[in-house]
Structure formats: C-alpha cells, structure tokens
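Structures for review follow.
Here come two complexes built around chain A, the first alongside chain B, the second alongside chain C.
Moving on to the complex of A and B:
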C-alpha cells in the first residue's frame, strides 16, 4: 500500500485518470436503503455493472463524485417468468437474459439483442437496468424492448411509477427519470400469438464489441390472404432515442403486403428515423441499410 | 474501507479506497501482475479475470464490487514449472507472441471450456471476441485453444475424461500445489 505516492501519481497525470482518492461510495444493502440514500444524495451516480460508467471514470471525468453502488441489492437481480411475461430485475445481466429459457422461447428478439451486446466480459457485468438508465442512442436491447412494448417500473421516495419503455427515453443519454428515482423492474409481456415473422439485425464494424450503426427489431403477424394484422418495428442508433416506426406501421397495418406497399413503407421510413453522421457511420449509410433491413423483412426475404 | 474477497481461492483483505479498480488492487496491492492493462475501457480484454468463474474486465470493476466474491487470475491457471494443458497448448502452437493479451485469452478460453462451451472454431472465436491481440495472432490462438480442447485425455487409470473435467482437475491440482507451495504465491503477493 502506498497511499501517498498514489495520489501523487494521479496528481501528476493531471486528472486524466480516475482517482479513487476522494471518491465517495454509498453502498446500500437493500432497495429501501438505496432509495433513501439516493434521495439524500441526488447528485450521486447510480452504479450497476459499471461497463459504461467505469469507462468515463477511468478517463478522469468523474473524479471526486459520489457513487451509489447498487451491486449489493440481491432483490433487484434475477428474472421471474410468469404466465404472461417476464419480470426482469434491473440488475439482471445481459448474459442472464440471453440464456433465460422463457425469454429464449417467448421473447427471442430480446435474447438475441442481449447476446449481441459487447463481448462475453461485458455481458457478464452489464445490466439491463443500467443499459436503460444510460439511455445511449445505440442501446442494443432497446429496439427489442420497444417492439415487445416493455414497461419500466421505477421507485423513489415519492412513490412508484410505471412507464412504457419509449416514454422513458428523453434524448441522447437522457431519461425521464427524476433525481432520486431508480429503475426497480422491467416487465415484458409475451405476445399473445407467436409472430409469423421476426427479425433482429444489428449492423456494426465487427461482430463482437461493436457499437451499432443501426439495429432493428421487427415482429409481424399476418392474417388470411397475406393481410398484415400487425407490424411492430423499431430501430436504434438512427435517432436520439430508439424509434418505433409509426408511419411505416400505420401504412402497412390492415393491408395486403404487395410489392408496391413494401416500397411505400420503405419510402416512409425517412419520416420515422433521423440518422446523423458521426464517428461510427454516416447518415446516408444508416438510412440505406435500415431501409434494406425493413424491405427484406417485409418481403420475407 | 476493508474489503474481503477470495483471490485464487485464498481469502484476501484489501484496506484502502473502495473505488480503486480491481485491476490495480490485484497488480499493486496483491502483486499479481499477470493481469494486464490494455485499453482501460473494457474493449481489449487484456485485464480479463474470472469473477465467480465468469470472465469480466477487471479495469471496469471498483474493488468494492468484488466484496465477498471469488476472483481468479491467470496465476491460478498454472505455475511456470506446472503449466495447465491450456497453457501448454499455447506454448506448443505459438498462441503467445508479445504476451500482453495472453493472460486474458487464457482466462476467456478456460472459462469457455470449463463451462462446457462448444469447441468448433466459430464458438471459440466468439468466446474470445472480447480479447484483442495486437500481434494479430488469432489463428494460432484459436488453434491452441482447440488443441487443448481436443486432445484425448486419459487419467492414470486410463479413463477418458471430458475437457471440462480435465480443466477442473488441472485447476484443483494447481491450486492445491499453489497453496502447498504458498511460499511462491505469498511472496509474490506481498511484494509491492
């Protein structure tokens, strides 16, 4: 142990690294204590698996901050399957979700989405609650949660709330969570009927450890004569938050899936998503690839 | 703040800032320098350790989150004079070049094989997807892992055992020897 030299070393680095000295860590043992501590310290940063927060901390951007370490909250781990859905604890890891039998069977897009996150090291640590609260535009599990119409349950000293997943996201890295409010559960219902078609497509630079350029999830129920009973499609990474394709879905629902209708739906995609140029990709590439994913899905290719 | 957890099956106590990275605690406080730092962002996997048997990036874990848990580092896989079958395969197949990624590669591979993971090339590549080799020696690394996984193993009594059992056996034996010869481990640990 060398505390003195240690802080000297960090000082010499000019704050370019995370410095454990001066960090305040709150370590609640249960949900009630977590909520109380958070309301007393609304400036604290909730810490779950740390796969994103620790990257920021390592770069020295969060020195001297207060951390609310949620890792001891056993009650918020685990996944409970019921008759009509699953109740996912916010501290359930991506690995636990991708290998859960009920999710694999009834919510396969969610399992697949979680298995496409990072690499195995990240999936063993990263939690679904942390992923949601982090609200990255590129959150890979969000399109699947959006088409399964998941609900996020929150808790704070003021009480409990339940929000549809799409209403939780307020912008790039912004959520509708109030100061002192924590996610306590994510509910996902099984679709009443298994879909006739489903897809999850993540497009990135490589298969592992990649942030998506675009990520889409789709469910399609067809009736007699190829009439669309219901289409649910969502894209991530192509707007500030995950987007359900409202215009596309409205144009397709209740109609027969003809080649013309598919082209019309693809043209309407520009109304639903608004990709940008950034370090990972370009606006044009994201638009073209997203449209191709949608077209292939509707065409049944 | 005092934090107690197991490192390579031995109970250890860390006393210091709770937000120090597990990677730094292992290297600086416990002297287990087998675990390397690469990117410090959870991208390269050089700092991979096993936390309760699961591969994780130790650069993304504050030591307070390791409380009460079991950590395994590359030092638990073998000793220089007693390498595990996986390490031997890396030596034989040229799976290690500059060596920076090797501890992480070994632990990701060990976790995959121990958990009964598939041993085809694709599955192995997926299992080490979170470990980057800047020497780009992936072909040899994958070959090494497949070799360790495939080699028919016979116990002294001539019974064939599975890869999973074999690696568990390796690990038990090495950890046993490690604690018997605690001189080496202990002296390494206290040398900071």
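Moving on to the complex of A and C:
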C-alpha cells in the first residue's frame, strides 16, 4: 500500500520543472553588498517579491540562472513621506503602497493602481521595484507613476542615477537598467495643486487575478471658463511600454474642453498608443475601450 | 429523524480543512522514479525517426516506447482506437511518443530536450467543416465517430402547419474542467508480481480495464486504488487510464515505483475538454407559440480519437430539442475527427452545448413572434404525459413547469425585464442591463441501455468488528459522494449516520459500481447501496429482532449475527425499473429513468465604457427528486452555475494547429470568487421512485442553464444577439462597433 510519507524527502523532490538543485542564490546582507555581488555576477537575476519570477522558475526556464535575492534588504523597504512627496523603497509591497496614508491622500491613483494588482496574496509579496524592473507592458502601477512623473533612482558600482519613469522602460520586458544596476528608490512628488479630475481605470478579464487589457490614469487641472491648464494621461498594455498621451495632451492643454475638442483629442489617441491583437484581447477592443475611457474622463462623465 | 435530507457532516471534511488530505503527489515511494512524456510536436503526420542525444546519461533513465508494451497498444474505451504510445502515425500534437523516467523530476524533463524526432508532416484537419469535407481522412471512411438520428412525428407536416419558421446557427468552444488538482498517477509492482496503480480518478474500473490490456495481465494481477481526488468534473473520466498506462509501463520496465504527475500546463494542454460544437436549428411555430417542427443538426468536434465522443454526442443529441414537447422532431448529430487532442467528458456531457442552442433559439422564436420568452416556454414545456424527442412518455417526477414558474416568480422575472428596460432608457447610466431566462432538463444515469449493459454492483458490509462500510467504486472527488452514501446506508439500515463508513475505491475491495459520471452516483449507485442496506437490515432483524439503538447493543447484535462468519457483505446489482424500454438503433424509447429540471434567471449589466459584463444576480430553481444532502445540492448548483457563467462569458481556450495556446490560469480565465454573483437557489422535490430515497441526478444539470440565460440577458442589455460562446467583452465591443476600426 501507500508507503509512509517521509516529509524531508518529499520537500526535496517537490516542485515542478524548476530545479532547486541546479540553482545558485546570492544573498547579500545589505545594499552595498547587493551592488557588489551584482557587479561581480551581472548575469544574475534580481529577486524581490518573486511573484512573476516564480512563474518562470516553475516552468524550468530559469534552471541554470543565478538569483540575486534582494528580499531581505530592509534598507530598501518602507515608504517615507516628506513635505513634497514620497520616497518609496523598491521593496515596498503593493499592499504597503495602497494603504499608505500620504499616498492615499495625495497620490490616490497610485494607491488605486497598486490595489488593482493580482489579488491580496500577490500584493503582499509583489514589490514596486520588482514590478518596475520586470517592465511588463501590462504593469498596473505604471500609468499612475507616469502621470505623477515619478523618478527612479538607481545604484551600481559606477554610481547613482535618476531617471524619469518613462525613460526607464525600453521595450517589452526591457529596461534602461545596465548590467549591475539596481533600483534603490522611487520618488513621487505630490502635485502642487490637487487635480480637478482624476481617474484610474484598469480593464482586465475579471474582478481579480487579472492582467490589464488596458489601464489608464489621468489627471486634469482646469482654469477659468473650463480651460485646460494641464492634462496628464497615460495608458498601459496598449504599447510595448506605458505611454503618456503626448498628442492628446498637446491638443487640449490651454483650450476649453468643448465636445468638438474632446472628439478631436480622442481621434488623436491613435497617434499615442499602438495596441495589438494577442491572447488576452484585440487591437480593436483596446483602442475602442481606451478611447472610451479618455472620452468619459474629458467629458467629466 | 434520519440522515437523508439533513446536512450531515462531510466525512472527509476535517482532513481537507486541516490540510491533512494526501493527494497522489503527496506520497513518496522508496526508489521512486518520475515519469515524463515526450509528445508529438506536429498535429498530423508520421514519425520517421527518434534519436537520443548520445551525450546524455541515458543509463540513468528508463525509456519506454510503443515497442516496450507487453500487451496491446490501446487505451480501452468504447472503441479501442487510441494508442497508449504512438507507433508511427501521429493524429494530434499532444500524443505521447515516448516516456522517460528518472529519479529526479528535473532530470527527467531535461531528458525530453535531448530527444530529436523526425517527422513526415501532413496537412492537418482542424475544424468540423474541414473534417466533414474530408480534407483528410483521419478515420475510415468518413471521419465520423458516431452518427445519431432521432425522428419523432413528421417534420414536413410540422413545417407545413407552422406560421413562422426560425433558423439559427450556434457555435460552442472547448471548455477546460479546471479541477484544482492536476492529473497524477503512481504505479508499482508488488512482490507477487501484481501491478498497483493509484491516483486521481473518477473511474477505477476504467483504469483497471485499460491496464489489463496494455500490460496483458489477468484481472487479479492488476489493482487500482483511488487517491484523494481534487476535483474532476468529467476531466478524470478517461484520461487517467492513459496516465496509469504510462506510469505502469515505466514501472513494469524499471521494476521501480513510478509517478507521473502533470503540472498545470501539461494537464490543460493534453487532457480532455468539452467538445466544441456547431449546432443548427430550424423551427416551425404557430402564431400562438406552439412548436410544430424542430429540425436540428448537431456537430461535435471529437478530436483525434473516439474516446467518449459517441456517448457524449448521443446525450447531447437526445437533449437537443430542449425541455419541450414538440410533436415533430428530427435531430441529426455527428461527432467528427480532427487533429486535436480528444475531447471528452465534462459536466453536462454534450448537453450544455445543445441546451445553449435550444434555449437561445427559443428566445429568437419568442422575438419573431413578439411573445414573452417565458410565455413561449410555458406553452411548450414538458408535462406529465408529454413525450420527448425519443418518444419517452414522462409519467412521474416531471418538474419542468414547476422550476420555470418557481424561478420566474422568485426572480420576479416580468418586473426585472421592465426594470432593465427602464434603466436602459436613461442615457446617463454607466451600464446597460438585461435579464434572461433559461430552462433545461437533464437525464440522470447512463443514456439508453447503458445502465442495463453495465449492470453495476454496489453494497454494504458488516465487518467483524461491527463496523458498517459502504462498498462501491464511485469516487469522492469533492462532490460529497461518500457522505451521501453514508446517509443513504444509515437510513436504510436504521442506524445513526456516524456508524457508517465508506470504503475508499480499490478494485481489490469494492465491486464495480461503474464510473463516477452521468449524475448517476446518488440516484443509481445510491439506490444500490440503499437496497443492499435494506437487505442487511432485514437479515439483522430476522436474527435479532429490532435494530439496536445504542452502540454497545449494536456491537453485541452484530457479533451474534456474524457468529464466526467473519463479515457479511451484501452487494446489489442494477435492475431496470419496470416499464423502461430503449431501442438503441432507432434511438427511441426511454432514454433515461428520469430527468431532473432547472431554470435560471440571469440578471447582468454591461459597462458602456469597457463592455465588461457583471452578472448582478442569478435566481435558479432545480427539481431533483430528493435532496439527500440539501447543502451539498445547493453547493453543486452554485458551483455549476458559476462554471456555466464561465463557459458563457470568459473561458476562452485558444487553439493553433491543435495546440492549446493558453494552457494556464493566467490566460484561461475562469471566474474567481469575486466574479460569482449572489445566487438564490430553490430546490424542488418530486421524488423519483427508483432513485435512492427518491433522488434524481443533479451534478451536471446546473451547468446547462447559465449560458443561454446570460446570452438572452445580453440581448436585452446590448440589443445584439450573441450566438457563439464565450461572449467576451471583445465580442460585445466588435458587435457595437461593426463599422469602425
């Protein structure tokens, strides 16, 4: 009959295609050591929350890769609120961000975006730094970071740099990070004036545990007589990287939001985004729905 | 008093709740090897050569090909056309060519990458239409696995009597069962040379039979044990026979225990799905809404091998006219071959497809007549004395009308429809709303002469220590079969529920009560348990008067009754209820002992910005004879409705050249708890004389109603008809934006 379970042996043999025995893991004790180890092992894969990485690992695709385990670096955890904004540690989890009082109050789109990621289990593990470095076109927090014009601070043996969030993304799952370079902080400034309108709309395939088909974030400041002082709008999942709507923003800034202008702005959306057909949705759907979201926002619906 | 009709505590519930239940991959075996499968990379063609990389340590592996099969190279099913391993001809891309076992699971997977296969490729047949057009002959002579024809009355005169003729075409996709535990099996040899296979399964005796043929062993040398099974929904009806054959072949050759455990990707890509279907209706109806003729064509995509397709098709065809009494019906149905993995059993077994078409078609007819869909259904619904498409005259326990009226009343159908219309007139609202109704019936037990042919056996044993044990091969897989059997046995014996235990299915210990399928477990097998328990009770009463009420007295009475006999086992065998007749050739007669009935009212809304659909509420009424365990019954209904809503609105299996492109839960979208709407469930009981304590089949029925009701609701919400599932937001968007981009 069934033999008695030998728990140790079972633990060793468990798992699927990922190979725990062929795995090399570097575990730095602090940020300085992390930077040093990464520069010595530029082929290593940084591991933060691991929510996306483990999927790849389970499939066996990472079997010979070295992991740089950053998950224990407490220096890179936490969120610090200042007078002007927040400094978010790359290991801050989505749950921490979505419930942070200053973010909820002054950067509500970021809180909402983080609360739309996966489900609560994922949000407790997944980190903002890991999310950014992973550079998925469908990263849920990116449009909010884009309209708040966040800066990503990096560190490597060569020194530090600071990049606007939009410049960090270089393509599908590609970033401007150089070998050996790690994200050490994300800075987001509070808008000087609270916006007159704001929206965050994630469109997935169900209520939770879903990847975006399109995700939009918008901030709008209006002046006298309904003239647009500033529009900032960004979409994710509709181009290789998150996109600020340059053509749309330029068309409406400084003008009164008439029905005609709104239609013109919506027509310009096709210049800013380039959705595709894939397993999750269609080009048509992403385009029409993104346009609907933009139109509803501009119309104040 | 009595356990039947109460919410008895789930027998294995505490173990599951505490995480102590062991599934097959939780067991470790001394010197165990891990078996993995090399699958064909092409949908259709011929294997020319298989070469192993000489730089890989093959001496550490056990490799099995078709040449190593000691018995016959097929997986026993209705027909024996599916090989365990490819010899030469490849008919679908997930077909197993070769097996590798290694002490390390990762090494075994690595070995697969060190094998090169050369093929001669042929142009595959990938659709029902191409199969019928004989683009290639995958199965002699005409690619048809099964052809069913049902005739009732005369459709020519039926159409002549019609005032209006309504035609429609409906398309249904694959659907994945999405059980929590993927398929897995272990096999090993005992010292006496017997082979044991243990794993996740619905049908221990199917696995047993398959192993006898593949290994060429006598029945007593093969033993099959069910391990705890984490859900199945039909998906563990026939494929576990394949898995067991693979594990057994590796164990046979290596002389070591072998586990073959699929991960989610392999499970979803390789194992069976619900049959895709193309269904055409042509219906004649009079001005006052009486159906005068139904001409229905049903086409199922069977995949590459016959497997369960003949019986799935037959059941689908028999139910294709819906729960209505039309005097003239013609149903022509075919299951055809394509170069994709075989499709198989899935909750509903062909009926969710044909019922979707039948019910949505009723809504189209109602619209053509400008009649309320509820009223049209009322005028045609099956009643006592009505005859079905096969000519089965329904005599007792006919709940169609009851569920229809109860559901409409509880859900305030007419008011809902009006409220939705009023809501939709307000342009400011962010959504469009709709309400839709559907009615279904579902035959319990095997179709036609199936139960007669199978002659299932189940029973009870009084053990030497006074324990009462139910003996059947019907598996617990989360649906509550064990608990329900214990309830039935307890009441039939007249003892407390807590005194009865249930033997885990093991072919060395339980009789063949047939597969755990077809909504037959409570109704048919439960009845066998009931009869056996009543006989045991009679014997005990004869020996010692009344059945004792206390445990000590029971033990004393049991000891006295057994008096040195060891144990007393009573097994009863299926007996056809009187007055049941079935002609399989003509597909006429009493297709099922009894039907159960369901109606559902789905209320939903569509977001005007994103076309996302949110189901706001489902009200449903199910007439099931007798709810042996009301809470489990309600659970089955809620779960089935949720699964049916997934079928309707989000589950989208994408195939390319016979290969599923999204075999994982990231992109094969099933509803989460947050997507499941509030439900009101009404259970109606019109007892069936030949089901255990009056019960009829329930497991599959709830799956039949949500999809057509949701499509009808979307018609009201969007003004568009959706005849193909799943109705994704992309489809709604496309329908509403026909003219632009």
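One rule holds in what follows: the second predicted complex is superposed on the first by the 285 of 301 C-alpha atoms of A that agree within 3 Å, B and C clash if a C-alpha of one lies under 4 Å from a C-alpha of the other, contacts with A are read in each partner's own complex, and residues count from 1 in each chain.
Following the convention adopted for this analysis, contacts are C-beta pairs under 8 Å (C-beta built on N, C-alpha and C of every residue); 3 or more make two chains touch, one makes a residue touch a chain.
Note that the structure is predicted; figures quoted are calculated from it, not measured.
Student: For A:279, decide between first (touching chain B), second (touching chain C), both and neither.
Tutor: In the superposition, A:279 contacts chain C only.
Student: With both complexes overlaid on chain A, does A:23 touch chain B (first), chain C (second), both or neither?
Tutor: first
Student: So, A:71: does it touch chain B (first), chain C (second), both, or neither?
Tutor: First partner only, chain B.
Student: Using the touch definition from the top, say if A:51 reaches chain B (first), chain C (second), both or neither.
Tutor: In the superposed model, A:51 contacts chain B only, not chain C.
Student: Report for A:60: first if it touches chain B alone, second if chain C alone, otherwise both or neither.
Tutor: Second partner only.
Student: Examine A:211 and indicate which partner it touches, taking first as chain B and second as chain C; both and neither are also allowed.
Tutor: After superposing on A, A:211 lies in contact with chain C but is clear of chain B.
Student: Any idea whether chain B or chain C touches more of chain A?
Tutor: C
Student: In the superposed arrangement, which partner chain does A:289 touch: chain B (first), chain C (second), both, or neither?
Tutor: second
Student: Taking the superposition as given, does A:229 touch the first partner, chain B, the second, chain C, both, or neither?
Tutor: After superposing on A, A:229 lies clear of both chain B and chain C.
Student: Pick out the shared contact residues on chain A: the ones touching chain B in one complex and chain C in the other.
Tutor: On chain A, the overlap between the chain B and chain C contacts is residues 1-3, 18, 21, 55, 58-59, 119, 207-209.
Student: List the residues on chain A that touch chain C in their complex, please.
Tutor: The contact residues of chain A facing chain C are 1-3, 5-6, 9-10, 13, 15-19, 21-22, 55, 58-60, 63, 119, 201, 203, 205-211, 279-285, 287-289, 292-293, 296, 301.
Student: In the complex formed with chain A, which residues of chain B make contact?
Tutor: 1, 15-21, 28-29, 40-43, 45, 48, 51, 54-57, 59-62, 64-65, 67, 108, 111-112, 126-127, 129-131, 192
Student: Quick one: which bits of chain C touch chain A in the complex? Just the residue numbers, please.
Tutor: Answer in residue numbers: 22, 26-30, 34, 104-106, 109, 198, 225, 227, 263, 265, 430, 608-612, 650, 654, 661-662, 665-667, 669, 671-672, 674-675, 728-730, 733-734, 737, 740-741.
Student: For the complex, which residues does chain A have touching chain B?
Tutor: That would be residues 1-3, 18, 20-21, 23, 25, 27, 47, 50-51, 54-55, 57-59, 67, 69, 71-72, 95, 118-122, 124-125, 207-209 of chain A.
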